[in-house]
Amino acid sequence: MAVYQLPQWAALAPALILALTGLVLFLVDSISPRSTDRTLLAGTAAVGALASLGVAVWFTAAGVGTPTIDGGEGVIEVFDGQFVVDQLALYFTIVVTIVTALIVVASYDYLAGHTYQAEYYSLVVLASTGMATVAAANSLVTIFIALELTSLPSYALVAILKDNRGSVEAGLKYFLIGALSSAIFVYGISLVYGATGVLQLDSIAEVIADGGADGFGGLLGLGILMLLGGIAFKTASVPFHFWAPEAYEGAPAPISAFLSSASKAAGFVIAFRVFNVAFPLGEIGSVIGFDWTVAFVVLAIVTMTVGNFAAATQENVKRMLAYSSIGHAGYALIGLAGLSADGGELVMGAALMHLLVYGFMNTGAFLFVALAEHWGVGRTFEDYNGLSSQAPVACTAMAVFLFSLAGIPPFGGFFSKYFLFTGALEAATANAAMLAVAAALVVNSALSLYYYSRLVKALWIEDPPATRDRLGQPTGLYAAIVVAAVMTIVILPGFGPVAEAATGAAEALVN
Amino acid sequence: MMIEALIAVALIGALVTFVAPNRVAGKLAFAISLVPAALSLWMFTAFDGSGNALLDGSLAFESHLEWIQLGEYSIEWFVGLDGISLPLVVMTTILCSLAILSSWTPIDSRESQFYGLVLFIEANLIGVFSALDFFVWFIFWEAVLIPMYLLIGVWGGPDRKYAAIKFFVYTNVASLLMFGSFIALVFGLGDAVTSFALPDVADAMVNGGVQSSVFGIDPGTFTALVFIALFLGFAVKVPVVPFHTWLPDAHVQAPTPASVLLAGVLLKMGTYALLRFNFTMFPEQVETYAVPIAAVAVISVIYGAMLALAQTDLKRIVAYSSVSSMGYVILGLIAYTQFGVGGATFQMVSHGLISGLMFMSVGVIYNVTHTRSVEEMSGLADRMPIAVGILVAGAFGYMGLPLMSGFHGEFTIFFGAFQADFAYAPLFTALAMFGIVIVAGYLLFALQRTVFGPYHLETDYDVGRAPLHDIAPMFVLLALIIALGVAPELIFDMITDAVDPILNGGDL
Amino acid sequence: MTVAVEYYVLLSMAVFCIGLMGVLTRRNALLFLMSVELMLNAANINLIAFAFYHGNLTGQVFALFTMALAAAEVAVGLGIILVLYRNFRDVDVTVPTTMRW
Amino acid sequence: MNDWIAIGALALVGLLIPLGMMAVSYLLRPTVPETSKRATYESGEIPTGGTRVRFNIQYYTVALLFLVFDIETVLLFPWAVVYLDAVESDSVSLLEILGPMLLFVAILLVGLAWAWRNGAVQWAQTPRQAAADSDRQ
Amino acid sequence: MVGGYATAPLQNGDTILLPERIGELTGLDGFGVGGELLATFLAAFVIGNLMLAMTGVAGPWAKRKITAAFTDRIAVNRLGPGGIFIILADAVRLLSKELVVPENADRPAYDLAPIVVAGSALLGFAVIPMGSGVHLADPEVGLAYVFAVSGIASLGLVMAGYSSANKYSLIGGLRAVAQNIAYEIPLVVTGMSVVIFAGTLQMSEIVAAQAEPLVSFAGLDIPRWYAVVNPFAFVLFLVANFAEVGRNPFDTPEAPTEIVAGYQTEYSSVYFVLIYLGEFLHIFLGGGIIATIFLGGPAGPGPAELGIVWFIVKIWAIFLLTQWLRSAVPRVRIDQLIEIGWKGLLVLSFANLILTAVIVGVLA
């Protein structure tokens, strides 16, 4: 495989390709600032995203990251281990790039007539660059920088509808909370640095293992909690979740999809890597006096409950989806809550699978909202009544997304949720609190089915309002939605490789 | 690979129909649905299995495929047929084709979507009856609900929203309970099973069962809990009193073909699952809980019949009567004798055909009279003799007249129930038999009111002969019913062959 | 004559808490932004002090990055606050409550 | 003696001298209260309108631009300091020490070019440009 | 405390700094820390007053003389030789003027502004080696420090402009900031190209690096001043510096005849003196920086003791240049100014930086 000959830093190719695409878009806009040639711009962005997706898949296939024992190439360290390209990195790069591609294609129609085409696309691509970098970052420095590279464009993107009060307000709130949480995050980093004197994750673990941080238990613990705060923001989980409904509702729908799928995934990859690599459960407990799994157990339960119960009370579809995405953040947190000193890769792998499936179904759901906004039918459940009689295909796709989000067969969401459930049960043998988590998962899923099916009811069963003019069929949006729907279904029979990749990544991380 | 072919044909057909233009959708769907029907009939002739699928019998058309290997449990694509499932599959395919045919008249909006969903249901039903891995089975099982929910909700009667939601919620809660308990069971079995393949689980349960205590519950209690949870989960589907309340609403509101499928096949899913899970994997518990279950069965029989007696809406009558017929099936299962279980299985098939027929004929009458109320019509016989004739024939089948499949089904059930060795078995049987009288009562009453006597119709539409594509499916069904009534051994032999291992605890 | 690291930590903690108080109490978006900057600089104080203490340059380099990122953050934030003012004629963060648009 | 203490001392001096001068002038200067002379100076005319005039939006854009470009110099300084030693030592090739900075500056220049072309640093606009821009606002 | 790093910023260059010098002279260094502190303060005081004296000379007297010379007039000549005593007269006159504070000026910003302007300008001189041991402090980050503190002034200016509650002041202050930030970057980046030569930020080191001759032929040797080595950078820096200190042709912030007197419109009496002083201090500070990093600092023919003389000559030369331009070159418009800064100087300075880096890299 040609991966051998390439220089080390070429392992970051997916991220580099994305960055290059962003710059190219900027150049295009510099050459002709007034141009709103959507085909060119969206095309460039899509090609970039797909190219980096292809590279990431190729690397995975070529066995980058898989241990050499299993005939892989082993983990590639770049820039003295500031970045590592392992299965986890590639896995999340794939997730992010898929979502990005979908978003870009969908935006082609959504942005019709918008003035800041090039800016929009380049910001999207740059944000996904940050996410792809986050996936590979192996030092708190690179993590923080990549995280900011993810956040800053997102702020601008949320507020990109300059004359739309909702969008601007959303941007403001997203930005304020984001700035606050990143300040907390970096302060946490500084405390961890103070306790250990290093910032590279594996070296932190070594220092802790050698008892280098014994004197600074409190400092370290506080630092870890603050890191948790920053991560909670990115993943839109309690206690930094309250920006999510506003931001998702106000933002242009494709951006909401982007944030709620890709950005969330980026947050989780940080959580997974930092807490597994830097603060391995075995030693950390003795140093800081408590196991961070406790924090995650609480966070998971609270997050999923808050998200789902809030979602159940919404009248506005976008808002409902926003809260439900909070709930899903809670599900994914199980992956960390279920860890234990000896393994737990199953539950973590389940979380990874869920994030991948979620990337499809949630993106699709938000893109359907984008379609509805494109049609201008309104934003509440009532406004969606009887859309199926006018746009059956899109509504079928939406039904697929919603049922998959609810975790009903025969859709991808079912398996990922099931594995989370069983993973939680398995972890319960080591940590009885996980039984509560599993119970919460079941209860919340049942609850979620209620409000998801409400929307299906509105789409399919309710009668359409008397007066609604014909609905167009925007190519890009339809393409993105249909692709997402097909993938959501196809993942079910094709779940084997997904599970394999996810568990592989998790094992490499946990052990 | 035959089963995959069946499912694939139905699925692809569903997709094609879904995007096809509305005009051709009906004919297209019917044409497509003939393929699985023909295939399944061929499979019926080519059937070479023996024994029970779960208790290491030899399967027909078996196919294994590694799917997901995660943790210590493997999930695989595992389908196959035995004497119990094959008749049901055949019945499903035939009934679906006929249902599609019978819906040409009533369905007049968004046809392509309607027929697409019907074909989608057919595919999943085939999957349900042929799947032998729990996950494959469960996925098909759940996948049936969504399209049925939409069928009722979109094309149903005036009160369809309520009915659809009720159906959806009831069945989903039930499946959640069932799913959770089964997963718990598999975990409880510990190292005895390494996969979710039903045969493995059944094997582990029959010899050995749950050994160690699970989540702090001692094995006995745990198994009992799982048994009860599963039973409740399926009871909703069957339905058994008191979980039957969703059924009349769903039936009354659903469009004719939907209720045909609902009564004909979906209810059988419940009894089939009961047979596969509770009555195959939990022999001891069956013994233990025989009396209460029998009581429930008899109650459904009598209570369902009583309710039917009180109705004036033809569809409601048939709906409640199918509740009581399902009661017979449960009774036969709990009897746990060859005739009991075998008869129950036979009754599933025959009731599927008969209730299908009844709903079709009611539908035909409704198509022309636009009412289903017994009060509003009378003397239809001289206006639409053929349809009414078939209706009467179906009703006789319901009452279990000889030479009709109903007779053999019920007779064997009672015969088996008498032999059953739990307390008061004869008493229960006698009570259940009394149910037949009531059935005869309400059916004859309804028929007398509607078909005989001078012609009169409140809603004055001009009632003419029903078109051929309405009558034809009913003829086919009637033919099948009579065929099974004359020669039950057509399927009864393979059924008993598949049932015996259950009763002898796995060893033939 | 060097100062013990504890004092730096205390200082940074104080600055951080001042920033936090500002974030919690201020309603003016600009002041909010300044408070956040305070918090970031508190982190910088820590990083540099600890770099001094541990005798490696990592912390100082990271402090440089933090500054750069803080500046970028402010740039984006000011932009957003500008459009906020254009739309709401105010920079009070409690004014925009039109989320039911 | 620490440099920074010396600098602090100078700062102290830098504070004391102005204060001293203020004190001196406070002793010397007269105060003749008269409201008219405290009016805002607008060439002796009656002050019109508020004094917080709305000014060109470009002041903001330029300020934002400055924020970014000024910080990048912070990142360049360390490089500039070590550059000579790095070049003279044979351990690293010229490309290794020069390449990253070139890349960095190149990215910056892309940003500058974009800002330039999109009129971020363009102060005054001809009516035609304004018209062309109006659809972008 | 590991390694050379932690202690590095504390140790000085090999140059003897003014505090020690004074400590030795006055014998204060015998008195421990207190003595040292006092010595340091004395040194700072000396430098402060030196600068004050220079601006005093420059402002009321030299400026007039030079301008007059350019316009072929005779300026102040009554008091003392060449009217030198006008300085005292002006000082008294200005200090004894009434202080008129506009009615809706917002204080204390209005009062703080002059102090900030004057004080910040003075701070810069701390690290500038003026030869003959007149060198207050010599931290490793000298150059960066100078740029930093010289930036503070624009804060004072915008404070002045904003707090005076006057249209002209406001516009002036904003212009000052816009101009400062527009030319700050070229300034710093060009300074960076010098750092590439010197390989350090320490002022004394930079000066030392310029000491040895570049080329020497026919007995006399051309010193390795960076103005000679890289004249392009020198010119760039000069221009940017004029803009920084807001002198012609870049004096748009004050721009008499446009906006009355810019940010200092509403200032009078001692406040005016302070701002005025601050501006001149800035001119000299800019001159000092230029002299240090481009003109070899105090270097020059003759014994090293003459260093201070040479240094003062150099900064006065630059002051002369500013006055020359003031009377020779017309003022640019604000929009031209900004666009020259962003589209011209910025790009040029980056080009200069890259060019320097490449050349240095290739030569070495």
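Labels for the chains are A, B, C, D and E, by order of writing; each one numbers its residues from 1.
Here is the rule we use: a contact is a pair of C-beta atoms (placed from the backbone, for glycine too) under 8 Å apart; a residue touches a chain by one contact, two chains touch by 3 or more.
Being a predicted model, the structure only gives us computed values, none of them experimental.
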If you check the contacts of chain A and chain B, which chains show up for both?
none
Chains in contact with chain B and with chain E: which ones?
none
Of D-E and A-C, the pair joined by more C-beta contact pairs is D-E
Max Cα-centre separation from chain B goes to chain E
In whole angstrom, what separates the CA-based centres of chain A and chain C?
26
Euclidean distance of C-alpha centroids - chain C vs chain D, Å
20
Counting only Cα atoms for the centres, state how far chain B is from chain D in Å.
80
If you average the CA atoms of chain A and of chain E, how far apart do the two points sit, in angstrom?
52
At least two partner chains per residue is the criterion; list those residues in chain E.
10
Send over the residues of chain C in touch with two or more other chains.
54, 56, 61, 65, 72, 79
Could you pull out which chain A residues touch chain C in their complex?
140-141, 144-145, 148, 152, 155-156, 159, 162-166, 168-173, 175-176, 179-180, 182-184, 186-187, 189-191, 193-194, 197-199, 246, 249-250, 316
Report the residues of chain B in contact with chain A in the complex, numbered from low to high.
18-19, 66-71, 73, 110, 113, 124, 138-143, 146, 150, 153-154, 160-161, 164-165, 168, 172-173, 176, 180, 183, 187, 215
What residues on chain D touch chain A, complex-wise?
107, 110-111, 113-114, 116-119, 132, 135-136
For a test of understanding, state which residues of chain A touch chain B in their complex under the given definition.
346, 349, 388-389, 392-393, 396, 399, 403, 408-410, 414-415, 419, 421-422, 425-426, 428, 435, 442, 446, 449, 453, 457, 460-462, 492-493, 495-496, 499-500, 503
Which part of chain D faces chain C closely enough to touch in the complex?
2, 60, 63-64, 67-68, 70-72, 74-75, 78
